[in-house]
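Order of writing sets the labels: A, B, C and D. Residues in every chain begin at 1.
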Amino acid sequence: MRLSRLRGENNEGLLAGLIILLVLVMGVVEPGFLGPATFANVVRSLLVDLTFALGMLVVIVSGGIDVSFTAIAIFSGYGVIVLMNDLGADGTFWPFALAALTGAVLGSLNAAMVAGFRLPTLIVTLGTQGIVRGALIAFIGSQYLSNLPTGLETLARSDLFAITTGGGTARMTLLALPVALLCVLVALLLRSTMLGRSIYAIGGDVESARRVGIRVGRVQTFVYLFAGALAGFGGLMHVTLSRQANPYDLVGSELDVIAAVVIGGASIFGGRGSVLGTVLGVTLIALINNSLVLLGVPSAWQRLAVGLLVLLGVGLQALGQGRRKSTPILAEARS
Amino acid sequence: MPETAIVLRARGVRKTYGGVTALREADVDIRRGEVHCLAGENGSGKSTLIKIVSGVEQPDAGTITLDGHDVGRLTPTRAVELGIQVIHQDLSLFPNLSVAENIAMVARVASRRRLVSRRDAMALAKATTERLGVSLDLTERASNLPVAQRQLAAICRAFAHDAKVLFMDEPTTALTWREVDALLALVDTLRAEGLAVVFVSHKLEEVFRISDRVTVLRNGEVVHAGEVKDLDRPTLVRVMTGQDVTEDRDVTELPPDTRPVLATRGLGRRHEFADVSFSVRAGEVVGLTGLLGSGRTEIAEAIFGMRPADTGEILVDGEPVRVRSVHDAIRAGIAYVPGDRLTQGVFLGQSIRRNLIAGSIDRLISRTGRLRDKAVQRTVTTAVESLRIKTSDVAAPVRTLSGGNQQRVVLGKWLARSPRVLVLNSPTVGVDIGSKEGILQVLRDRARAGMGVLVISDDVPELVSVCHRVLVVRRGRVVDEIASARMSVQAVTDGLTG
Amino acid sequence: ACGSSADLRPDGGNSGGNSGAPADLRFVTVVKLTGVGWFNRMETGVKEFATETGIDATQTGADDAGPEKQVKIIQDLIPQRPTAIAVVPNSPESLEGVLKRARDAGIKVVTHEASDQKNTDADIEAFDNTAYGAHMMDELAKCMGESGKYANFVGHLTAKTHMEWAAGAQARAQEKFKNVTRVADPIESQENTGVAYDRTKELLTRNPDIKGIIGSAATDVAGIGRAVQEAGLQDKVCVMGTSIPSVSEKYFADGSIDKIFFWDPAVAGKAMLKIAQLLAEGKQVEEGTNLGLPGYESLKRFPGNPTTFHGNAWIDVDKSNAAEYKF
Amino acid sequence: MTGMQTVAGAALRNAHVSRLVALTLLLVVVFSALAPTVFPTALNFQSIAYSVPEIGLLALAMALTMITGGIDLSVVATANLAALTTAGLYIAAGGETATSPLLVVAFCAAALLVGMACGAVNGLLVSRVRVSPILATLATMQIFNGIAILWTDGKAQYGFPDTFLWLGDATIAYVPVVFLIFIGAALLIWHIVSRTGLGTRIVLVGANPVAARYSGVDERGVLMRTYLISGLLAGIAGIVIAAKSTSASPDYGGSYVLLAIVIAVLGGTDPFGGRGSVAGVVLAAIALQVLASGFNIMRLSPFLYQIAQGLILLVVMVVELRRGRLLERLRGLLSGRSG
């Protein structure tokens, strides 16, 4: 009983254990790995993916899947920079709000198709991905922009805190703050709001949700607008953190995010998943990538590792389903 | 009985699906504190009416008033807010959520609150179960509950929120005899609290036991509305079907030396059933009854290889056969009509033709795997004619057929193989009286032609009407056998409730 | 009846016309992908060539660098029967089949960045990779004061040209700058700025005394420069490498990036078309051919590959001349 | 030729297929009018016939798995692995000098076996381990691709003899051999889907897997075979790719996954399972290639084509799967405006 509690509702415990193991092994293999610098580096490298993963979590819990978020993200992030350059405008906060808004507007295309026409989400979002990316490069721009507005440049270099140790300075980027806040917000949304519970309900059984009076169309609309907004926000964060805007970025890296959410215990069939699991899943993938890079392993192994991890994650889930508790019928002969 | 105020009134409700008219100008009045029965054959429009007054479907014409006010365009949300509650036939629970949260969900939606907590859900669920006197593990996931408890959860959910009108669409089909009793008692309590309960059922006993008034639909039209006490059984059957139907025992005794076609010896499966030994002779119809959750479905599915037995053996025509899979069972000449027609029996969107050949593809292909067109045609035509499936086009999807005809298609799928043994699980559930008699007649005919038939059912009059013998299952074991000589409704009922 | 696709070739010279008069010629340049700075710059060259010569020369390309899209574009070009196709392949090997069909249909093929291409009439490279690597080392060593440790990034460990540049640089260091040593094997940036940035941070942590870093993919130096800048090591670490001005210019100001090298795609684009013109006029490209373009005044033939030539067309850019190159 | 007539007859009776025929003809007429000297030429149609097969084969594989309610996102990775197998074997056998026609047969068979092995992995995951097809094939896509990169160091492989390359280059009566291979494979799949017991079982499993199990359909076996056939088709696509491009590479065809889905859906495959038309998929593949060629010839931006492709996917899904809902919405809009 205690053990199963430790394991967590969505295997969170297992994941945490795996992460600790990986960190310890890396600490032994690569001295200097354990330290604030690595921590800050890993956090920095997972912020964008985590933001996307939160959006993906909400979509997956609602029973869908979204592969258009990278296109939406880079459209929003790049588009905002282009707009700021054209207007000669500068700012720190409002560009993010605008990027999120842009993302939500683009997400409404998914919302209309999924909520309005009840079409399969994978295929709808594949279509949206093509449209959004095509529109970005055909109509917004295709140039690599190396100069960001000053406000964003400054933000990119702002630290939440910096720790100087013998090995160098570990800088925790300021952008970790909004992402942490987002994690808390999404967790609250999913756990403690009617909207959040409706998302779980829809993911469990859409028809039942409709029948108890949950406005399925509205909830789904929210889900895809919200995922779009998070994608937009994450897109500008990617641009800011890398201090350059490249319209060819991000698209093609959907799997890492989907994999992280699935490894984090969310069920692809909907209705299950948690923010904690997602955070752990993103961390695990970031750590694996980081460790493999550190050990000089070619990037092809990363693909292989992520693919295998996904299979492992969903395989475990599938096996867990099979071993579901069944109520005994038989009155066994008492001995 | 004094006339109480009308809570819900539907006037001139019309609904067509494509070309099918499901409801035409239907009028219904539901009064406060009454139990109102909606009766009618399959496809007569009962469910459609419920869907319309609960906002799930929009009517093409007609008005609905609640407490005298026109409700306008109804959505499920609006209906819940107005106090209209439905327990759908499929329960509509959320498998991934806890029982407590399932129970609280309707009340949460209706309260329009934006913030919710687990604690509130638990408190509400506890209060509701206590009020109704049911015991449920509230922290368990709904998907982990047995069917009967899920039914209870669905009922609790409907009661957790203050409702004015409660619709129950065939709530007893998944329930056993004893659970039905408990449910009906509950309905009595609700009636006493002033709630209007609308009850859909094909089982006439229930209608007579519980209802105050009845509205009978036929082909989407209201053909009768009035007090139940003014009706007797034959009259009700006549209004429903437009004809007289008998339910008498019609069984031809077999010569004593008839050999068994199916026998089981010490069949068992861990945690489910044990020591199951019985036989079915050629030409015999054997009933297998027991409360839901007694293991009767598990026994049938073990014989069919769906969830194979761990111990014991199965004999067909006296020869032991290894049944490890459905394929093995079919090859041994065993066929099975499953209990849940919609999810296990038919392919709704596929043509009648494809449904009919689904069970005998292996026989309809040439050595190269090609389907033999003529053989397919022959199979389909034979099934449609011999089972009198009402359709003009076998290429039309099964979805377009009524429930009874859909069940005939499932039967036809297996009869096409002429199996040695036909196992049927609740073959007439959700089938109206006219079709039911037709289906039972098919079973008798096939038995007379030498097939062994095993019918799982808890519809006692049906068992009495068609079976040579009835076996009673309790907690995974066969505990009683009612032979032909002592067969009666009373005897079977006693065995069941034992 | 079996035959090859050439069966459909119109007989005689009424197709693209081999008369050599500029008005009859049509050249199409197919680039890796459209819209990016590098190939926009190449298009400038193509347009200049068209105005200068009066030849109908245009540029096209796909929306991403997928080889299959380039195959499709060239396949669709064949029925239009241009005189010549100039191609910058994403994957030279994947194009062999369709280039063969194009040549069978009587179209001249000129390639760039594809020194092993078989189905081409001529391949033109901006320079010899080993010499280019050596040149980068000369510049880096000068900046490092001819001693200290350096590291070399490549886009992928499997990227042939990047590995040749790195090998060229290393060979030059061993032969000429004995005190300049490489700290590790080439480091993979996965053509990703973020990865280059992370790896540089680790590199700086583990080798506090490092004095030079070379990048290979165009975005490498941006990631390296960012990490160096954040560590405040602009003046201690020399960052150089192959890149383009638009990517690196903002790091020039404070010395986070010291110098970049590239070849001008506009000139390379023109060079391909000049060769196409020579071929259309029935002339040959040979050792020493002068295309009349900076860096391509005297072409050299690659040893062992008679159709492949290179010029000497690298350009060094630092903050003093970055503004001259707008791409 | 009666077989061909049955195919054509059955195809034309299907309203969706006749709409696709009309669409393809319309596209041909429009582009012919816009580019009269280039588009309606034998060479251009031959060009299109060279382009269709690889994507058409992948779309058939995709459609087949979609009929069972699944999907195979790993088709392109599988095709590349199969192509690399042929390349690897030829390199080992002496490259361009290994001209024996027997080797063509042997090495193509090896490629098909590799394709089917990949299909078997997917089949096992989907039918035995019960991983959802989206995730299973998303993961195997990464894994197959990773294996291909590790195997080749990410480099394209070449060294095919002319006997093998003949497949990719030659024409028979002006029709490219690769196109004939595609049509042959399509006929085979059409036969399987609409004329065999397996085909009926595939459709039944897609329509209602539970009912299929209760009907004695060996669901696992059917899924396994479906993914095997999907892998086989991907293997054929791999051979076509290798023969056409004279090389094999781990990163070829990245854009084909989306395109194959677009074609399958445009061809009338229901992504929820239980319905699909092989003739539709073939026509959709041709129609989209005609569109792409038209865009290329008209020199429209490739990004516009990307947008068009996405829009076509969404519009076709709405019109084919949700026509009723669309009309309902439109009617609602109209009545809302007039009222």
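The criterion applied here is as follows: a contact is a pair of C-beta atoms (placed from the backbone, for glycine too) under 8 Å apart; a residue touches a chain by one contact, two chains touch by 3 or more.
Chain identities (UniProt): A, D = ABC transporter permease; B = Sugar ABC transporter ATP-binding protein.
Just so it is clear, the model here is predicted, and its values are computed rather than measured.
Participant: Consider the two chain pairs A-D and A-C; indicate the one with the greater count of contacting C-beta pairs.
Facilitator: When the contacts at A-C and A-D are counted, A-D has more.
Participant: Using the average of all C-alpha atoms in each chain as its centre, how far is it in Å between chain A (ABC transporter permease) and chain C?
Facilitator: The mean C-alpha positions of chain A (ABC transporter permease) and chain C differ by 36 Å.
Participant: With chain centres taken as the means of their Cα atoms, state the distance from chain A (ABC transporter permease) to chain D (ABC transporter permease) in Å.
Facilitator: Averaging C-alpha atoms per chain gives centres 31 Å apart.
Participant: How far is the middle of chain B from the middle of chain D (ABC transporter permease), if each middle is the mean of its Cα atoms, in Å?
Facilitator: 43
Participant: Where in chain C do residues touch two or more other chains at once?
Facilitator: 34-35, 63-64, 156-158
Participant: Any chance you could list the residues of chain D (ABC transporter permease) touching two or more other chains?
Facilitator: Only 149, 154, 254, 301, 303, 305-306 qualify.
Participant: Which chain A (ABC transporter permease) residues reach two or more other chains?
Facilitator: If we look for residues of chain A (ABC transporter permease) contacting two or more partner chains, we find 134, 137, 298.
Participant: Mind giving me all the chain pairs that touch?
Facilitator: A-B, A-C, A-D, B-D, C-D
Participant: Residue numbers of chain A (ABC transporter permease) touching chain C in their complex, please.
Facilitator: Per the stated touch rule, the residues are 32, 37, 41, 45, 134, 137, 142-147, 157, 167-169, 171, 241-244, 246-248, 290, 293-294, 296, 298-299.
Participant: Taking the touch rule as given, give the residues of chain B at its contact with chain A (ABC transporter permease) in the complex, in rising order.
Facilitator: 54-56, 75-81, 86, 88, 92-97, 101, 105-106, 108-110, 113-117, 143-144, 146, 157, 270-274, 293-295, 298, 475-477
Participant: Quick one: which bits of chain A (ABC transporter permease) touch chain B in the complex? Just the residue numbers, please.
Facilitator: Touch list, chain A (ABC transporter permease) to chain B: 192-195, 197, 200-201, 203-205, 207-215, 267, 270-272, 324-332.
Participant: What does chain B use to touch chain D (ABC transporter permease) in their complex?
Facilitator: Its residues touching chain D (ABC transporter permease) are 306, 325-327, 329-330, 336, 338, 343-350, 354, 357-359, 361-362, 364-365, 369-371, 413.
Participant: For the complex, give me every residue of chain D (ABC transporter permease) touching chain B.
Facilitator: By the definition above, chain D (ABC transporter permease) touches chain B via 191, 195-198, 200-201, 203-204, 207-208, 210-218, 274-275.
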